[in-house]
Amino acid sequence: MLKIFTIFFLYFCFMANTLANSSIEAPPEILISAATSLKDVFQELGKNFEKKNKVKVLFNFAASGQLRAQIENGAPVDLFASASFFDINLLEKKDLLEKKSITNFIKNTLVLAQGLHVKKPLKNLEELSTTGIKSLALGNPESVPVGRYAKESLSYYKMFDSLKEKIIFGESARQVLDYIAKNEVDAGIVFVTDVISDKKVKTVFEFSEVTHSLIAYPIATIKSSKKIKEAKAFIEFIMSKESQQLFAKYGFVSIK
Amino acid sequence: MESSLLHSAYLSIKVATIATFFVAIFGLLFSYFLATRKFKGKEIIEVILTLPLVMPPTVTGYYLIILFGRNGFIGSLIYNYTEWTIMFTWYAAALSSFIVSLPLMIKTTQASIESVDKTMIDSAYMLGHSETETAFKVIFPLAKKGIIAGIILSFARAIGEFGATLMLAGNIPGKTDTMPLAIYGLTSSGEWGKAHMMVLILTLISGVFLYVANRFSKRNF
Amino acid sequence: MAVSAKFLKKFNDFKLDVEFSMGNETLVFFGPSGAGKSLTLKLLSGLICPDQGILKINDQEVFNSESKINVRPQDRSIGYVFQNHSLFPHMTVEQNILFGAKGAQKSVAYFEMKEMLHTFHLESLEKKYPREISGGQEQRVALAMTLIRKPKLLLLDEPFSALDNHLRTTMRESLKEVKEKFNIPIIFVTHDEGEANFLGNRILVFKNGKIIEEKKGL
């Protein structure tokens, strides 16, 4: 009995799928691999782009490293928007990208953040060294971009070594953010876009751009893409004034 | 958002059901041969078949890409002939779930088959039944509990599959975002409310499957 | 000759070397545990292969290591009642007996099954499962399903060892009836001397993998 049901169910699935794929003239589709941190803003951008052009946009969200591995192995994507230069550079070296298309499209700001529940928020960076602050969360500088930038900034202020004993590493910006929000640590260093996405966390100090290397997000077209024209159009679109304003709404900093 | 929740649920059920279906068939086949045959290199095969159980799913996913990606050993052959790649399709999600669940099915079923009284099997042969007939009329019914347990475990593993799926099928909202991937995306952007909702639905689906499977195991073959 | 056999089989430290023949009679294999009685039955049935040997049933070669003849157990038409667990626990008495009627048309098989129920006094037990019937009834079902195909040879491996004394005596009588009714050669394995004498026309005494003596039964 169950066997018969299963067979019918499978048949139905295959039929439904075939029908879905063979429908009337479908609009061209582009597939964009984008870092998870860009999910919310890109989904809105994608909808706006679809409205303006007769192109359907699909996204593939994951960590930049995984996206890179997929592309190295022939993933059929048209664009790659990374949260770090590292992965874009690796792909460029393997000649998998359209070199001329590599564009930095937005910037981000590094901030020191604390949970809203903190009774006496920090007034300046030096207070991190006081006994009142027992733990500080950073991304792991070995594996996470936000951690690398945090280390650079703290080193700029010559505080990284002295704070070492208080530092706790998170494996992602998300994890660091959770530590801060749930009071597992007294403070943490994340991007301002992370703070904006979490109601339980607020910025207490902004790191100036001179204290760390450029925090910019690059996008590039994949060489094997069959939709080079549409991909180029998307890059132009996110560089437009309207899109850059949308980025600002999410806390990013315009590239211009 | 409402429609994408339904879509993820439908996708997860579809992927897990198909993966479990094939796991049941191949799992039974492999278990039967492993339980009843001795041959050179048997241990090596058993280790290979158990590997996905031991490896972190992301690593399994990585090896799946190396095999089935557009540039992969098998994937490139398929692409050269058909211009089609399994990457980033729901078939890839089903394949990933299949690979990670198969070892679970084999381990439980093999043990179950091995524990069937050999006298039963001998008796069936003496009464004129071929090896295939004996397998279906005697061995599998007697090993039923272990086989069903294997299928339940496989379904649970398949519907919760994340790491390998993420690599081979990608996390494409509207296309390959099974429930675990959707939940991951929601927690990454801090939408805990929606994430909890999805976890609840996932648990409900698994619960229904468990109930149906248990009822099925109590019926007589 | 109904059966003529010669087997050589090595198993770790154990060596079996036997040769015997029989007509349409009841032959008893007698001896202590581990002497090779059950092993010989397995070799006769084809479930285990001898290293060397010849087996003929009704003058037809069923096994010959020289000429590489080896008929499958399924095709040897030999009935085999095992020491324990002879019935399939997931089937009813009826289904167990029908399971033995392989190859017969459905309606014929059903008719023969009904006959077996009658012959072995199992009426009213058809729909019961093995766990619901007594030890003696179980062994009668085992005989029924083995004999429904009218095999050329019946092998019994200590079939009554799990039964109490009173039941054993009753079953022995039943076996005599079976011999009369079905009229096929029977090989019966036991380590009980009284049983051996009562049942066998001839008794082969096994020890350490060899037949050391032949006696006449009662």
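For the reader, a short list of remarks on this structure follows.
A, B and C are the chain letters, set down in written order, and residue numbers restart from 1 in every chain.
One rule holds in what follows: a contact is a pair of C-beta atoms (placed from the backbone, for glycine too) under 8 Å apart; a residue touches a chain by one contact, two chains touch by 3 or more.
Source: prediction; values computed, not measured.
Setting chain A aside and leaving every other chain in place, the chains that still touch one another form one piece. Central chain assignment: B. Criterion: smallest distance from chain C-alpha mean to the mean of all protein C-alpha atoms. Chain centres here are Cα averages; for chain A and chain B they lie 32 Å apart.
Note on chain placement: the centre of chain B and the centre of chain C lie 44 Å apart, centres being C-alpha means. Taking the mean of the C-alpha atoms as each chain's centre, chain A and chain C sit 75 Å apart. Taken in their complex, chain B has these residues touching chain C: 117, 119-120, 122-130, 137-138, 141-142, 220-221.
The part of chain C that touches chain B in the complex is made up of residues 45, 47, 72-75, 78-80, 82-86, 88-90, 99-100, 102-103, 145-146, 149. On chain B, the positions that touch chain A within their shared complex are 14, 17-18, 21, 58, 62, 65-66, 69-72, 75-76, 79, 85, 87-88, 90, 166-167, 170-175, 185, 187-190, 212, 216. Listing the residues of chain A that touch chain B in their complex gives 2, 6, 9-10, 13, 17, 31, 33, 36, 39-40, 43, 58-62, 66, 69-70, 73-77, 172, 174, 177, 197-198.
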